[in-house]
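Following this line, the structures themselves.
First chain A sits with chain B, and in the next complex the same chain sits with chain C.
And then the complex of A and B:
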């Protein structure tokens, strides 16, 4: 404790509490209390009206054994992991390349940075509808272009295809968010000491070789952050699916993810359930949280081991 | 940091061009998509369906007018502005006060409060949104500005406090002590010494929350039922459901949703990039 403060200790402590109070109150009431009660709700049967009935672990048992529920859960979880894998595979090389090109200060780099970053600031719902410019079957650029170059056979109702919908959603989300990944890699690149980078540059023959052999290994720290961020984002996917594929992840649940499954269970009455099923919904949310926690920790452990090697 | 530039050999020049081409191409396509959103909104229906990609044969503003008046976007826009602005005010006041207490008063309780706030990082919104919904329903806060504002104020605390505590700790204590010797109260010091010095971090926190709240879809989806209280993203969804093939008008609505953020971004792109990136790694 600072000596100068001792004299007015008493008054000071009251002020301290007064400063702290509003944040503690609003945070405890709106976040912490609901947070804690969600553990309780997950152990009850409740439609949201009347009284909740305590049923122990039954919601978790239903989630993994009820034939009306577990196939939906596993399908949705599979889609979330598919989104994660696709995003990582497409976004990583692209973001790395953008960051590298910006770091090398290619002509026009400031413009590219601003243009690529801009969609980060647009809402997912707006981006979802902007993507109609490309994917809408009649007015979209994609079909019009295919038509013009004589590939009429390839023309498709892109957003209505079960096997392609997740890929398209992933592409849209990458377009929206790659600016952040790019900037994270760029910050990492710029933090590498000049001499290290210069030494790396001397060796390689082509830009690509220099990059793969010398620079990518130095980027392990930002790679770790990007993998974990992408994972958390992929498991939490909701807005883009809801905006384009609706709350059922149409067509035919091919875009259904944990977020939409959760939303339907909590707030609507599809899925053959009688009504909103608050207990099951909180159980789903807790399982999601558990998956995020476990997988993120494993990723951090594995990837940080790699960081230390260099 | 200096990076060795190309050494003038033709191979190296070629590889520099190869390095620049894909990013230039990607940026061009992105820019075209953004510009097309605005340009499509300026076409008549007939013009748009005859020629969805090119420039309008006649530039018209009717779609903006229709979206603004008939499709209620003036209302959604007003709702979004009120909710975003009031939430920002509360977030900045409440979190800067708490951060000041934690960073500048050397009480053990402050350190404990800090850890308590940081726990909020661990838990995703989906984990507590349902009990939060039930709580706010019982308090009569559903379907109101107040419900959303108080929720945004709460959800923003962890990260805003984290950023501000980090910043306050870097400020020298001498200025405060000088103020204290002059007999200024703690509130006075907070308001007239700390706050002016904190403009950079307040800006970062404001930008992060501005973008987050203006664009938020999930909380309004869950908390707002009446049409009169819809925010812009929620309005877009209901608009699309209602007029789903009136594309020029849809694009006008999209343009309306982008404009405020685009204007702010053009005023200070650097601050936005910095703010949003620090927000990504919370």
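And then the complex of A and C:
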């Protein structure tokens, strides 16, 4: 009897595996295989054409020692971290503020929620084209607005300014994505039990004390996920930079990030002259992956320490 | 909550990381997968038959040639050419696929790698063609196509290691100064004969509240247009000859002067106050709308500039430093079509290559697209062609010869000028970067 049960269990387990098989196959084909082959190509010299030649760790050595390559890499990485820091500093208080206001059900909160979330739904390229029009120096919205209100001195060639371009890109990215961060905070806020806050009110806590001493610490889980997601987004950013600042991160590489550096290395062509270096490009991508992995795990560990339970 | 929450977080993180990495992995594979997909969409013949395959149609065999180009805006011209060719050669049809230029090289290289390249494909010539010759992907055309009617300097792009590997270029592409005739007349300005006259004209226009030269400083492409437009009359063709043999270099005072002019015009405010944030498209628009009096642009853009209503315009070549010195025009030599070495329809492909090297082709193609023909006896109706032909001497786009590895000298100029405009780099530093790359890629020139 017992062995019969076992056999039946084993059989159903096999059926179970059989049903999993198609998904696992597809997953291996489109996710596992490209990952492993990426690693392989990073160990080769390959122009994207002809046979890839195995050269061991040479691409990684070049990435960190070739005087033509490593300054570009560090500059791009620096820009990525700058984007991360700037995004965190500007986005966190804003998203938190919006979420708190929505949680308190300010008048018209349903409208606000939709309005703030709406840009998330617009495609990045559309956002980029809209921004190009807004920041265009002569016919653009921003400069014309400044002109109309008497701030002619503030008029600038915005997207052509080396020291401002990253800030402008960050503001555009925040405008586009803040809805997601707000929703994460909002969901967390709504999960805080009302009794806890009521108890605090009974004890005579002011609104500010309540926020600082109770709500903010209880928001730690969503803070963690927001920081980690922002980090992953900032290091991996490509689309909006490419659409606004081009593959070189114009002007003069001041908006060059790892994503555009990777793209140029893999696909650059000048007047039909392709000098693509797939091996090096894949090495860059894997270093990006490694940075994201290590830093994100550290962030998770550090931030989860301060998460509270009630 | 703490424990499962932690696990959940790590799980989410790993998922997100997988997404990033497969993103990278995918783009690596893009080159492999997407051309096939886009080919299936864009090529009318895809799926119907293999490249250059033959089909029995009664007793006659019909052949379909596949041709790839990198300029979708020339589609109309190619359609007319294909039709005329089939009329002359019954039984051979031509299916064109026109890729956007920024994707073209990747698509073509992938196709060559996979053995699915078209029977004929276009390249820019020089090193861009040389890379396909090195890969044994290009069929030698010596003795197959007659190119004796063309100027040897025009054929230079199609010749690799002394052998012809591509048909002559489709048109003579020049870069010049387009100018608004109405604005020039209104301000009493005539075409400048010297650099000083050019400066005087700009000063007059600026005082009248018109932007003298529309300049899209946000996009690096305008920098290379400026460099190719301004330099020829200043540096002279002799300098270019010398630079190619190593007798001169980009550090020559003449070339330094040419680059300095680009900056000098910016410093004097002749590009408008905010040009560093203007895109090239916006600059072109301001010229078309009559807000700017001039623009550095190519003859290939004539057909789009023409679309502006009520715009009376012409073109001139940037003047030399001293009036009376020869005016040198900047003309680009590119190559035409190359036959894929492994084509299964060589006979038909050679027929088509012959056709696109014949006066018939230029008569159809260049007239349809308002391009300048490299054959001297062919003239077009558009009055601007007299302007485009007005140079005393010609010089090619000088960086093309030196573009070998990224970052090319041209890349340095395009990006470095943005730093120069922003005051973060000097002209001398920029010239050092350019010459440094030339020294690296062409050590044989260094003496």
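The rule is short, and it goes like this: the second predicted complex is superposed on the first by the 264 of 310 C-alpha atoms of A that agree within 3 Å, B and C clash if a C-alpha of one lies under 4 Å from a C-alpha of the other, contacts with A are read in each partner's own complex, and residues count from 1 in each chain.
Everything below uses one rule, namely that contacts are C-beta pairs under 8 Å (C-beta built on N, C-alpha and C of every residue); 3 or more make two chains touch, one makes a residue touch a chain.
The structure presented is a predicted model; accordingly, all values stated were derived computationally and were not measured.
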| item | value |
| --- | --- |
| Which of chain B and chain C A:262 touches, first, second, both or neither | both |
| First (chain B), second (chain C), both or neither touched by A:24 | first |
| Which of chain B and chain C A:241 touches, first, second, both or neither | neither |
| Touched partner set for A:285, first chain B, second chain C, both or neither | both |
| Partner chain(s) touched by A:35 [first = chain B, second = chain C, both, neither] | both |
| Touched partner set for A:225, first chain B, second chain C, both or neither | both |
| Contact breadth on chain A, by residue count: chain C or chain B | B |
| Which of chain B and chain C A:171 touches, first, second, both or neither | neither |
| Touching partner for A:83 - first (chain B), second (chain C), both, neither | neither |
| Partner chain(s) touched by A:161 [first = chain B, second = chain C, both, neither] | second |
| Interface residues of chain A shared between complexes with chain B and chain C | 30-31, 34-35, 37-38, 41, 48, 132, 136, 139, 225, 229, 232, 236, 262, 266-267, 278, 281-282, 285-286, 288-289, 292-293 |
| Touching residues (chain side chain B, partner chain A) in the complex | 1-4, 15-16, 18-20, 22-24, 26-27, 30-31, 33-34, 36-37, 40, 48-49, 52-53, 93-95, 97-98, 100-102, 105-107, 109-110, 113, 116-117, 119-120, 122-124, 126-135, 150-151, 153-155, 157-158, 161, 173, 177, 180, 185-187, 190, 211, 214-218, 221-222, 232-233, 236-237, 240, 247, 250, 254, 257-258, 261-262, 265, 269, 272-273, 276-277, 280-281 |
| Partner chain C, residues of chain A touching it in the complex | 30-31, 34-35, 37-38, 41, 48-50, 68, 132, 135-139, 143, 155-162, 221, 224-225, 228-229, 232, 236, 246, 248, 250-253, 262-264, 266-276, 278, 281-282, 285-286, 288-289, 292-293, 296-297, 300, 304, 307, 309 |
| Interface residues, chain C side, partner chain A - complex | 1-2, 5-6, 9-10, 12-13, 16-18, 20-29, 31, 70, 101-102, 104-106, 109-110, 112-113, 123-124, 126-128, 131, 135, 217-220, 272-279, 282, 286, 291, 400, 403-408, 410-411, 414-416, 418-419, 422, 424-425 |
| Complex contact set, residues of chain A against chain B | 1-2, 4-5, 12-13, 15-17, 19-20, 22-24, 26-27, 29-35, 37-38, 41, 48, 94, 97-98, 100-108, 111-126, 129-130, 132-134, 136, 139-141, 144, 175, 179-180, 183-184, 187, 190, 192-194, 197-198, 201, 206-207, 225, 229, 232, 236, 238-239, 242-243, 259, 262, 266-267, 278, 281-282, 285-286, 288-289, 292-293 |
